[in-house]
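Consider the two complexes below, in which subunit A is the common component and subunit B and subunit C are the respective partners.
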Partner chain A sequence: MNTKNSFSRFLSKFYVYILLLLLYAPILVLIIFSFTPSRLIGNWSGFSLSLYGALFKDKEIMQAFANTFLVAVSSAVVSTVIGTFGAIGIFYSKKRTKAIMDAVGNIPVMNAEIVTALSLTILFVFAGIKFNFLTLLIGHVVLTIPFVVLSVRPKLMQMDPNIYEAALDLGATPSKALRKIVIPEIMPGVFSGFILSITLSLDDYIITAFTRNTAFQTLSTYVYGVTSKKGSLPPSLRALTTVITLIALIILIIVNINSSDKKEENKR
Partner chain B sequence: MTENSIIELKNVSKHYDSTNVVDNFNLKIKKGEFVTFLGPSGCGKTTTLRMIAGFELPDEGQILLNGEDISYLPPYKRPVNTVFQKYALFPHLDVYDNIAFGLKLKKVSDGDKMRRLTTDEIDEKVRNALKIVDLEEYEWRNISTLSGGQQQRIAIARAIVNEPEILLLDEPLGALDLKMRKDMQLELKEMHKKLGITFIYVTHDQEEALTLSDTVVVMKDGMIQQIGSPEEIYNEPENAFVANFIGESNIYSGTIAGEKKVRFINHVFDCVDEFPKNEKVDVVIRPEDVRLKKDDDESLVKGKIVSKIFKGIHYEYILMVGRNEIVVVDTKDREVGKTYGLQIKPDGIHIMKKELHTNTYTDAYIDKNNKVVISDAAFDCDITKLVKGSRLEEDGTVTGPDGTSYDFTDADVIAEIGLTDIEILDYVEDATVSGTIVSIIYKGDHYQLTIRTEQDEDFVLDTEYTYDENDVVGLKVKAKDISLKLKGEAKKYAKK
Partner chain C sequence: MRKSSIFSRKVLAVPYAVFLLLFVVVPLVLIIVYAFTDSDGGFTINNFTSFFSEAHNINTLLISVLIGFLNTFICLLIGYPVAMLLAKKELGFGKATVLLFVMPMWINFVLRTAATRDLLFNIGLNGGEHPYIATMIGMVYNYLPFVILPLYTTMTKLDKSLLEASYDLGANKVQTFVRTLLPMTMPGIISASTMVFMPTMSSFVISDVMGERKISLIGNSIQLYFDQGLWHMGSLVALIMLVLMSVTAFFDDSGEENARGGLW
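Our next item is the complex of A and B:
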């Protein structure tokens, strides 16, 4: 009885570990082999940080790295502002308008990215706009806005609908009520919308490829470019992957600490 | 404007789509008064309050504050503050900042300049408000750590700290449990006395309304049913709805039998109200106005106890008088099955003009199948009633006694249906029209139901069977029971 019990407990734990291992093995392999200078993965030719050295010296990669973050942060800022006000606007509209806007707002989420990318390209060509940073920015904003709306909306729905009116009642003008009451109240949703926008923009390839100026490289277009040219992964990319994973990990930890702080505060 | 009225509502109406939520509302409220809007849900009381607060704009009419028209003034410019049903406190601010929110936005006149309040002034006012609601030293608490009752007090403090001219309270005690509610009622009354602010209170709880108010405004379907002191509302209800809504009451259909005499439950009683003889009336008797006497007094009407419920301070008995029920409360323990004489003093019998003898539909018309259309539903009817002595031909025309032929297709008519002539059906499929029961008034031996169709037309009928409010039922009327009257001359429809 006892042995059977402990065996099944072992099995259930084992299952979780196997699952986690499968999930993280590829990244782990990359991380491990980022500390060895061999050309091929699988060959351990001694511990070295030379790949990192090469990575930070590679001007092309560093430029792509900077470009990626520039696009991600600026598009996230723009779409967070537009998306948040959009969500508030939809929330306070009449029933019919609200239903229509909710449905329409969901289409870009469901839609294949390639469709969005193509239609944007056609639009820019049609309007005679040259592909530059602005078109790329617009592309990323279009990509991420619906996700901001989607992450702000539940916070609005959880909010007591009367608090906006209560603020007006106490003498706040509509814009003050929005700034002092509604926005602080939905801030967690706005923040997660912002983070979501950044992560979506960081690894986007399709829209970037269609809407950028060809001289402008982001990490995804750079990686795609070198792999399709050379056929194999340049070793310094392993170091790059590790750095990106580390950044993602840091963001995740910040978000988690932030939300657990909130919970602690509420308990007190 | 009368000198001492602080707020006045003049012919205020509000519609959503085509329904009148508030219909021609007229009210003057004196400074310092405690006024309650009382009514069932959907009667328009909250909408009226929201129009005073400025969250809704009236479609018609005016709202005057100290004689000034504020109908379209935005809420943040009105010297009025609201306590919301679910408190609506700001969760991301602590108690102090919640209460100080209005103060920080406020500008006061200082000589001939306007200035903001200083931190010390705000501090003092917040402390004071917390003292009034009995929550001193709660300044730095987080809202989510407070109980419902405490949150309610903070909501009140947040409103009164701004020293509004009028405090609006939208069912503020609705979310509290019974014991807490009773305590808060007393505290609110105390607060009202101390602060001297005009209170406008919205509730569906009649007991709360009677306990708290100087004046009660009873509402139904967006219309004021009665305005009066709690005593007036309770003792002299203006109609059967008010009587039924305010406290337990026995309501009967009666007929005036002579000077200050009324006949109901097959017995003639003395009363104090004067009405013309043979007038059909509603009679209301409060359970506590009936005395149970020994049954050897021949002059008294007799009733037999059929049910007894112990209610703490008294017993509630139901007696049968012939086919009618009467509810009586009495402190003595009596046995079920025993017969007593019922004594009702003349001033315990409240007589009201009967609201309705028949259903009258003034915008009915005849369709091409010779049916009468009421509320988009076609009822079978006897179309020959439109012309005396006429007969119906096979082709659907009507031939009058003088041989004239009439075609009544699309003729506008007034249709009348008696209260007892409408048949109520549980199966909507078999019915001519269906609707929702919106009101039930018990009249001793039958219920008077009001059934509202989707087209917002009401059918009032008497039935012996029990139904629940909001039940969906079907209605049917026999052709012979619909009386028809033509609008305009019959000549118009004569065939040439």
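Our next item is the complex of A and C:
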């Protein structure tokens, strides 16, 4: 009985870890071969950091890198501000307004990204708006804003409604009560919404491809461009993969620490 | 005093409401209008008839639905046991392992897909020669995390005593799975399926990169119309996807809570 148990335990662990290994294999191979200058993955021609040198000297990639972060941060800021106030406003609205706003707000979540992208393109073409940074920004805000609202709402529901009322009774103006009472209470939700917006924006290809000015490259459009032209990935992109994986790891660790802090607070 | 304070809080949603109206509602209305008009703005059903009169387009539609179903099925088949094992306390996997399954979502999607293609090419699977196999592998790689996360969330919230009760009442493992675990995790399965099915059909990037442009999915045809500036035909295809989306949304009423936000 005992040996049978430990065998199924072994099988369970084996299944999970082998799957993880398979899932990470493509990325791991790129990372390993980012430390050798050979043109293709698979031939190891000695340890070297030359690909990293080439990466940081490549103006096109560095520009795309900077652009990606510019779009991610600016769209996340806009989404977080409008979305947070939106969530608060909806929370205190009448039932019917609430239902309509929630249904409409959920459309970009449920909808295929390419339909959202095309619908925005048609809007801009119809209105005669030239594709520029603003159109791209709007595209990314549409993509990310529902997730801010979805992250903030549970915090509003958990909040004790009496503290806001108490603040008013003690003479605070509504805007002061909002700033001193409501906003601090929902801050963890606002933070999650912001991080979620950043990650969704960083990863996006479809909306970017449709709503950008074609001269404006993000990492996604750049990588798509070079892979469809040259076939296999240019070597310096292997070094880029290492850099991106490191950034992803750092974001995850920050988020994880933040959420375990929250749990500690909830226990108290 | 009270009245005015309630008023001021509602007003906060105005920018959000205006934004939704301008950039979600109006564009969708435009899609519907464009799908049924020609370039002069007159009403027509020509887009509709010309799309469905071409065998090529019907093939695209059928292949997309088929690949969508197949990908959903394979991801569930691989992901369900993973979620089940991760949620089992005795195995001691912990939150870090769950995060490891989700982390690929944080690495650029195009880069990840190209990496998968290059690795497959290296071990002898050429996407140009086997576009369907390569595309399916790319799809499963990309959507597996989206299946594991909602299923894991559902399973951690399960009332485990019901499973024990099932064993106590004499059911064996298979019976317990089919009669107890599967029905209890149905919301997670549905939510996971909606997160895979529609995006699979609309993702033209995976079929382009993995299948070396040998496979055309619905997403690819919208992208093609976009490149050629054929807004009216593009809108028609988008409208078809909107209808499909409404159908899947109808089945999934618990989706939002289990969706991507569930991680933290």
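Keep in mind that, in the parts below, the second predicted complex is superposed on the first by the 259 of 268 C-alpha atoms of A that agree within 3 Å, B and C clash if a C-alpha of one lies under 4 Å from a C-alpha of the other, contacts with A are read in each partner's own complex, and residues count from 1 in each chain.
As a convention for this text, a contact is a pair of C-beta atoms (placed from the backbone, for glycine too) under 8 Å apart; a residue touches a chain by one contact, two chains touch by 3 or more.
Small disclaimer: the values here were computed from a predicted structure and weren't measured.
If we overlay the two complexes on their shared chain A, which of subunit B and subunit C does A:Y224 touch? Say first, second, both or neither.
second
Scan A:I163 for contacts with subunit B and subunit C and give back first, second, both or neither.
First partner only, subunit B.
Contact-wise, after the overlay, does A:P184 reach subunit B, subunit C, both or neither (first, second, both, neither)?
It touches subunit B, and subunit C stays clear.
Let me test your reading of the model: by the given contact rule, A:V152 touches which partner, first (subunit B), second (subunit C), both or neither?
In the superposed model, A:V152 contacts neither subunit B nor subunit C.
In the overlaid three-chain picture, which partner chain does A:V71 touch, first (subunit B) or second (subunit C), both, or neither?
In the superposition, A:V71 touches no partner, neither subunit B nor subunit C.
Let me test your reading of the model: by the given contact rule, A:G171 touches which partner, first (subunit B), second (subunit C), both or neither?
The first partner, subunit B, only.
Considering only the touch criterion stated at the top, classify A:A239 as touching first (subunit B), second (subunit C), both, or neither.
neither
Which chain, subunit B or subunit C, ends up touching more residues of subunit A in the combined arrangement?
C
So which bits of subunit A does subunit B touch that subunit C touches too?
168, 174
Give the list of subunit A residues in touch with subunit B in this complex.
On the subunit A side, the touching residues are 160, 162-163, 165-174, 176, 180-181, 184-185, 187, 265-266, 268.
In the complex of these two chains, what residues of subunit B are touching subunit A?
The contact residues of subunit B facing subunit A are 53-55, 74-76, 80-82, 84-92, 101-102, 105-106, 142, 144-145, 158-159, 162.
Would you pull the subunit A residues touching subunit C in the complex into a rising list?
So the residues of subunit A touching subunit C come out as 9, 12-13, 15-16, 19-20, 23-27, 29-30, 40-42, 82-83, 85-90, 92-93, 97, 101, 104-116, 118-123, 125-126, 138, 141-142, 145, 147, 149-151, 168, 174-175, 177-178, 192, 196, 199, 202-206, 210, 219-220, 223-224, 227-228, 232-233, 237, 240-241, 244-245, 248-249, 251-252, 255-256, 258-259.
Help me check something: in the complex, which residues belonging to subunit C touch subunit A?
1-2, 4-6, 8-17, 19-20, 23-28, 30-31, 34, 78, 81-82, 85-86, 88, 90-91, 93, 95, 97, 99-101, 103-112, 114-119, 121-122, 141, 144, 194, 198-199, 201-205, 208-209, 213, 219, 222-223, 226, 231, 234-235, 238, 241-242, 245, 248-249, 255-256, 259-261, 264
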